[in-house]
Every structure is written in C-alpha cells, then in structure tokens.
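Should a chain be cited, it is by its letter among A, B, C and D, assigned in written order, with residues numbered from 1 in that chain.
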C-alpha cells in the first residue's frame, strides 16, 4: 500500500514534468492570463474569447513575422496564489508575450514573475494604481488608470452640484483603491465625504448599510466595485427611498447590473472604459464575436482584443521575437488604432489619454451621457 | 433622520435579516440536533434552492406569471427538489460515515459543500443570474420606518415556516420522534421508530427550509450566483451556535439576535461598516467563552 | 497486495531502511530543479509550503485533537509581520522571523486561552470567527495596506546572495518542509507528544494521570501557530505582495483538508495530503471549469472509502 | 412445545473482538415469567439486545412465535409485540411523560386506541398521571422505571424483555415494580426478566436460566433453583 502511494505520487510528479511543452517552436506563443474559474470567470472567459478572436484574425491575415500565433491560457482565478502559478506556467512555456490581468489583486504578485523573465505584458483590464509603482518596465496598461477614472468621476459630481458624497467599496484591491483616491481628491477640493463604507463580497442584505447612508443624507453615492453586489446596493438604496444621484465605477459596467437592479437602476451613472456598443470602430468586432461565441461581448472584450492586436503590432515593429525589442516597441507605440481608441503610453507605461466615458442608465440600457 | 428613526429603522432591518438567518439556521440546528453533524453543505442547499426556484419560475412564468403565484409554486417545487437532494446527500455521504471519526464527517460535509458549489459554478459558468419577478417596491411607512410589502411577505412567510416547523416538532408523532432520536437512538428503535427514516425526514425538512430561504432571497435581492450560500451559511451557522446548536428555538433566537447585532453594529459611533463582522464575531466569541453552549443550548460532555 | 504491503511494512521497520527511503526521497526532491521548468518549480514550491502549513495544523488537529477552522489567521500574522516590518520599517527579513514567531505564538495564546474548554463544534466556530476577524482587521487597517494589501515586499538576501529566482525559493521551502517534518517528528515522540495523545484519547484519564490538559492544549495551539507564522514570513517574501484575500476561510479549509485527507496525526499522511491538495488541481487544469468539481468529487470519494485519510495513523 | 413463544438456538454475538455470547440456547413458554440470572458481564443484557435486534447475532437463530426474526431490524421486531425495556430505563429525558408514552405507541395509527392504552397506563401508574405534562428528567428512579414499563405497555406487548428493572431502587420500590410485573403477566404478557437481584427474580419467575461468561450453565424451575442453596451461593450471590 505504502509503495503504491509513493509510486503514484512520483507518477503524478512525472506527469507534471511533462506538462507545459505543447506548441512547436515555429509558432509565436502568446499567454493569456485571466480568471477562467472562480467568481470572476465570466469576465475572464470573455477576455479569453476576445483575445483568441484577435489571434485568429491575425493568423488568417498571415500571422506575425510569418509565424502563427498560438495562445495558451493560465487561469489566474482572481487569486494571488493561483495567479503566480499561472504566470510561472506561462513563463516556463516560453511565451513571447502575455495579454491579461483582470483582478488587480491577483495581477500584482505576477508582475515580479514577468518582470524577472522580462516578458512583455499587456494589461487590458486591471487598473489599480498600485500596479504602476511596481511595474518593472515590461508591463503596459491599456486600460486607463484609477487616476483617470477619479478625474472623470469628480468632474461629473462637480457638474451636478454635489457637495456631500458617500463612497462604498467592496474590500478588494481594485475597489478600495478607487474609493480611496476619490476620497482624497474630493476632500482636497474642500468637499465632504459623509460616508465611506465597505460591504462584504457576496453578502446580499445591505439594509443596515443603506439606512446608515440614508441617515447621512448624501447628495451622491459612489459605488466603486463590481456590478453584482452593486446592483443589490442600488436596488436597496432606491427601495429605502434614497432619491439622489448614484454613480458606479467601471467594474460595474455591465448590462447585468441593469437587469438585476431593474427599475431601481434608472438614472444611475457609470464611469466606463469604452465598451463595444459605444465604439463605432467595434461594429465588425461585435458581429464577429457574436458569430463565434453566440453571446455579446462584455465590458473588457474590446480592450482585450486591442491588447492582442497591439502586442502583435509591436512584435511586427520590433521585427523579432526578442523580448527586450518587443518591450521597446511597445513603449514606443504611437497612436495605435485600437477599436477602443488610439493607444500611446506615458513614461510609466500607462495609457496616455483617459479613455473614460460617462454612461447613464435609461430604459434598462446604458447610453452615453451627453 | 433623527437618531430614534435611524435606530427604529435598524431594528426593522435587523429583524428582517434575522428572520432570514433564523430560517437557514434551523436546518443547521435540526441536523446537528439529531446526528451531531455540522452540515457545512447547508448554505449550498440554500444556493441550490435559489437556482431550482429560478429554473422552475422561468418555466412557470409562461403559465402563471412571475408574480406571487409563480413564486409560491416555484418555491414549493424547489423545496421538494432540494429536500430530496438533502436526503440523497445524507444517504450517499453521511450514512457511511456515521462510525468514522468526527473530523472525517466534518470534512465530508465540507467536501459535499465543495461538490455542490463547484458543480453549480461549472454549469452556470460562474455567472450571476438575474432573478426577475414582477414584484414592486411599494411599502408601508410606519412612522419614519419604511418597510416594503415584499419584505413583510418574506418575514411573514419565514415566521410561518418556523411556526409550522415548531408545531410539527412539538405536536406530531414524527416530530416527537425526531426529538427523541436526538436523545437516545437505541431507545427509539425499541419504540418501533425507524431511525434512518426519521433522520432522512430531518434532512428533508432542513434542506427544504434552506431552499425556501434561497428562493425568497432570489426574489427579494434579485440575483443569484453559485457563491451566494457561503456567507449566509456562515452567518446561519453563527446564529445556530449563538442560540445553542441543536435547539430549534435557539436557532430562531440566534438568527434574530445576529440580525440585530449586524444592523446595530453598523451604527456604533466611530466604527464604520467595515468593522461590522468583527463586531458580530467578537460578540460570538465572548458569548461562547462565558456561556459555552450558546444561549439555549444544553450542557453536555462530548469529545471529538 | 496484502502480502506485498506486509513485506514492505516488515522491510520498513528497521530504522536503517527507513532512513534509506527518506534519503532517496530527499535526494529526489533536491534534484527536481535540475530537470524541470519554472512552472513545475512554482507548483512544487507551493507543495512544500503547504506541507509546512499542514504539518503545523496537524499539531493542533492531529496530535491534540482540536478542531481549527481559522488556521489561515496564524499564517496571515506571520506574513503581515514580515510585510509590515520590511516595507514600513526597513527591517532585515531574517530579523522579522523571531518577531513573527512571537506574534503568531501570541495569536495562538489569544485564541487558545479562553476557548479550550469549549466543545469541538463550538471550537470550530470560534476559530472560524477568529480567522475572519484577523482577515477583516488586515483589510481595514492602514498599516496592513488595507484591501490592496502590501506590495513590493523586498526579497531577502543571505550572505550577500539575493533570493530572487523561483529555484531559490524552491530550496528555501524544501528546507522549511524538511525542518517542519523533523520538528513534528521530535514533538510527536516527546513527552509533550504523548501528553497530546493522552488528552486526545481520553481527556479525563489524562487529567487523572497528572497532565495539565489546558496547558497541553495551549502548547499545541502555540506551536501550530508558530509553524503557520514562519511559513507566512517566507510566503510574504516569495510572493512580494500579500493581500487579505489570501487568508480567507477557504484557505483554512484547504489546509485542514490536506491534514485530514492524508491522514491526521501521521507525518507521511499529512505530506501526501499536502501533495494531493496542490498537485490535483494543477494536473487537472485541462478540465477547465469542471476542475474544481472533479477535485471535490475525488475528495468526497476518498473520504467515503478512507474516512481516516489516505495514510492514517496506526491505532494505539 | 406448541406453547413456546420464544426459542433461542446457539446464539452468538460479538462486540468488536469481544465474544459476548458463546452459543446460548433457551426457550420461553407463553404466559410464563422466565428469568435470566448471572453475574455482571455474563451476557444477560447482550442476550436481550440480540433478541430485540439492537445487536446483530453473528450466528444462531431467534424464533419468535414460530417465525425466525434473526437479523430483523429492531423497529420491525417491535411491530410483532416483542418489546424490550432496556437497562437504565432509557426514557426520553427532556420530553414530558405524555410524550414519552406517545412515542411508545409510535407504530400505532389509531388515535382512539392510543388514548385507551394511555389511560390503561395511567390506571396502572397513577403517579405518572399526576405528572403527565412534566419533563421526565425530573422523575425519581422508581418513577422513571414506571415510565419505562408504561411506555412499553403502549405497544400492547406479547413478550416483554425487562432488563434490570430493580436496579438502583429502594426495596419498597422494588416490591412495587415486581407487583406490576406480576400484574402484567396476569394480563397475559409473557415476561423475560433479567435481574441481578436473584432472590426477587426467582420469587416471581416460573423458570430460570443462569448465565456465565456467555453460556447457559444451569436451568430449572424457579422453585428448584431457589431451593438449591449451593447454586444461590455460587452463581447468584447476595
């Protein structure tokens, strides 16, 4: 019995050693690091789909430098430990570049791994400002950072004549970062943050929080976290008779928020990176995506698609698969035309322009606020 | 809002939330009372209940709409289906473990829980589903306290279910047999009571109560997902322990108490909502240190 | 099969043969980095890390028979101690270890002290609550970096050599795991180990024999906590970023699963449990979203067919 | 032999590795009071537990009213009128006396009949009637024994297995319990009585068996056994 156990564990080890050598050397290997399991799997799969769609189009058009793109996915599961394993897996497979990064918290510890291997990393979604500080230089954020989002948010609040603001986040890296930045900026402007709250992820009943917020009589409530719990907070705020402005961050930009919150979501503002519906350049992408995956692309599909295209473009410009050359080419990107808008980088490898738009919910749909 | 209004509103919030916790805690406590098993899968049965209710409602809404009639019908269907699943789980996973070490049974329960929620995750792709009904937000203003009709119906039905359960356990022969099994299984056998059957019945009732709570949560909060059972499972477990695990009135009391603690926990000066759970867990630990068997629990000596 | 295992058991009895097996296994473990990719190393490092955590929890659960559903808290205390001291105060990593040991021992005392007279199920909820409290505190305080956690924790160096590559951490964690095995083994066969066994099997009889059961249980908590704390220190520098999400209830459950799955109270069993815990989800990555479902089902089947774990401790 | 209500052949049981019964055989005639005697650990309680289905027989047969009931589950055996009042009474503490009695008639569907039987129990034990809605854990030892016997009467027993009904009771209470046993027997219930108090048991019984380490060593009419001073001294003790 004991020996069989030892043998089988050795067998498992041997099996493990075999893993990770699939693609042939003549291909261009691109890693995708997104959560494909866990609570954020929906977004992860959406991003994976969009990246694969882009890779497919590139291959159809002849590939990159004559090589076909082969993608491989590492499941980050929105969990730091699993994300580091996924990153190591991609690094071991000798990928030429990686597109990915959805949950900021899970992306943070992988930065070191990609940095050590000097692998070009294009981050389409994760946008905690913490990512900027620890970027060793190989990572490029094509989603606007939290700084840009706060700017957009504050401009809306100012335009609406708001003074007393309530901020609610969800106790994860991304939403706390956004909440904190907003609070700093708002108080620096001499305005008041009357409530700064946090809810537990997955907790459904928010009545106590709602009562607390209502008692502070804010002019606006800003939800900085994801749509699923956001929808419930909005619904319960409206149910309890809160009638003032509600705004949500880019993590809540989903048609599902409107579906879950129903009528309560009417008039809610959302700061968002441009999603497919508002991008004239993305019409073809939308149709292709729908044809390929039988569903509408979600919030980060367009940026993920752009990320893959940008990486391919940079490799073409670099003229080789040399990692340092690709990184150099990425940094030198000048007005790359993505479907989500032109991409250039600052000296900190973040998107040079703010791509945030303001949406507003009307008749169960997000429309551009004008 | 004046401070009295806020406190009154929080009282209402706490009672509403608490009646919900109580409903889920009942299932925990019933199963524990009989076979001394902490059924970690209970929260997941709540989640499954919501999903079954969702599926049932999407079929039924074509015939009877998604108003109260549809909700009640899908709730009953969900209660039956999840109740049977509870019995199946007991048969497959817990019956063979009855003579195993206590920790192994606990781990088996954790494994069952993982099977259930990972199963639902795999089949729903981890998506949040919108549980749409045509319920509105109208309600009653009692002084400065606002309660929606839906909330009242939900609290009413959980109270009703609890009363029905209480009557069942205390007034019917089967209910008395359940209590007797918790006291002495051998003696029950000698009374002609088929112990396994009664335990299965307990699982059925406990699971269907969780399913009822799940469907209520789905209709009230408007969204369901594979992970929704986790937090409520944790809270219901806490409520059951606060009240004294194994005791049915204890579960009700514990649920209400926890609901109130959480509601008022957000109102403590200088302490924000972020400390709410620290507050309730802290009280729980203090309570157990000074009254180790919970409020209504019986003292008994037991080892792992 | 029975015959074979009997002969094997017979052969394993002499100390010399057992040492031989151990040396072969250790040599294999040492040589793994020569023939494997970073990914395998990352996974194996994770295995050694969980071996250490599981052995630590095994002291509480396996040796002393106390249920603990909040073990991740001790691991969090260690990780945050190192993280805070190195990044806020610039303390050398190696100096943070004794501090982390003290802090986690205190945490062990804090949770063990008032709760040891509770029944096992109540102990479960109290330890669970304690674990949640630690996580929420870490999430809410400024000094712990709030929900984003601490990032950019410095990698340590030893005699001027910086531990930077995954292969360095592989050896560090392998050494830690071996050390944990050694300490566990010595503890199990010490006076304390026997006291734990008596208390686990019959508390009242143990008391009658003059064993101070509260002190004995407290030792189990404190020593288990120190294992977790030290593992946490190295975890922090390996990941360079820690956040409260790592220390959720699920983490505690995972560690407990490793202990019970392998066979609690038995060192090789616990090691196998840790292996199963880490390797299974990795090997079955190809299953995609069904992976965790399959993992859970396999675990359930193992529990049903071997309720005392894959390699249980012998009955005394 | 047509009047034999219970026939045990070569019954053996094991508790784990302990060989508790090593092949015992005996019979109980309908309408009689039969007693099983023996020292502590001789296997008296185990015999009763095996007959009522709480313990599985590893070999041998148990024939009750001509039907082989070996291996039947305890709750099914109850339906045949074979009732076991276990050692230590095992009443449901925390439940009222009425509830305890109701559970005694769990197998009965007829509410009127249940009520009739309960009245009969209350007639037999007026003290139980007085305390009918009280928590049974507050009853004295004698009252608990009465409740245990009363509870078994609720099933309308044909054969009653009584395990140590006198244990821990004051002498006058023992007398009272034995009187009730006799009365039950007069009502037509066959009784298999396990007792440590051999004197009391033999006074009551028609026939007796003496058990020693899982085997029957002596049997005979109660009167004969009672007379045999050497037996009383050697096996029954005082």
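One rule holds for everything that comes next: a residue touches a chain if its C-beta (ideal position, glycine included) is under 8 Å from a C-beta of that chain, and two chains touch if they have at least 3 such contacts.
Being a predicted model, the structure only gives us computed values, none of them experimental.
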Ordered by label, the neighbours common to chain B and chain C are A
Sort out for me whether A-C or B-D is joined by the greater number of C-beta contact pairs. A-C
State, to the nearest whole Å, the distance from the C-alpha centre of chain B to the C-alpha centre of chain D. 43
Could you please state the distance in Å, as a whole number, between where the Cα atoms of chain A are centred and where those of chain C are centred? 33
Whole-angstrom distance, CA centroid of chain A to CA centroid of chain B, is 35
Approximate Å spacing (C-alpha centroids) for the pair chain C, chain D: 54
Quick check: what residues of chain A touch more than one other chain, meaning two or more? 37, 41, 171, 198
Residue ranges of chain C touching at least 2 other chains are 139-140, 289, 292
Thinking of each chain as a vertex joined to the chains it touches, would you call that graph a line, ring, star, complete, or other? other
Which chains touch, pair by pair? A-B, A-C, B-C, B-D
Complex contact set, residues of chain C against chain B: 61, 65-67, 114-115, 117-122, 124-126, 128-130, 132-133, 136-137, 139-140, 200, 203, 249, 253, 256-257, 260-261, 264, 289-290, 292-293, 295-297, 299-300, 303-304, 307-309
Using the touch rule from the top, collect the residues of chain B that touch chain C in their complex. 32, 36, 38, 92-93, 96-97, 100-108, 110-112, 114-115, 118-119, 121-122, 125-126, 234, 237-238, 241, 245, 274-275, 277-278, 281-282, 284-285, 288-289, 292-294, 300, 302-304
Touching chain B in the complex: which residues of chain A? 37-42, 45, 171, 196-200, 202-205, 207-209, 211-212, 214-215, 217, 227-228, 231-232, 235, 238-241, 256, 259-264
How about chain A: which of its residues touch chain C in the complex? 1-3, 5-6, 9-10, 12-13, 15-17, 19-20, 36-37, 41, 75, 79-81, 84-85, 88-89, 91-93, 104-105, 108-109, 112-113, 116-117, 128, 130, 133-134, 169, 171-173, 175-177, 180, 198
Quick one: which bits of chain D touch chain B in the complex? Just the residue numbers, please. 52-54, 73-76, 78-79, 83-86, 90-95, 99, 102-104, 106-107, 151, 155
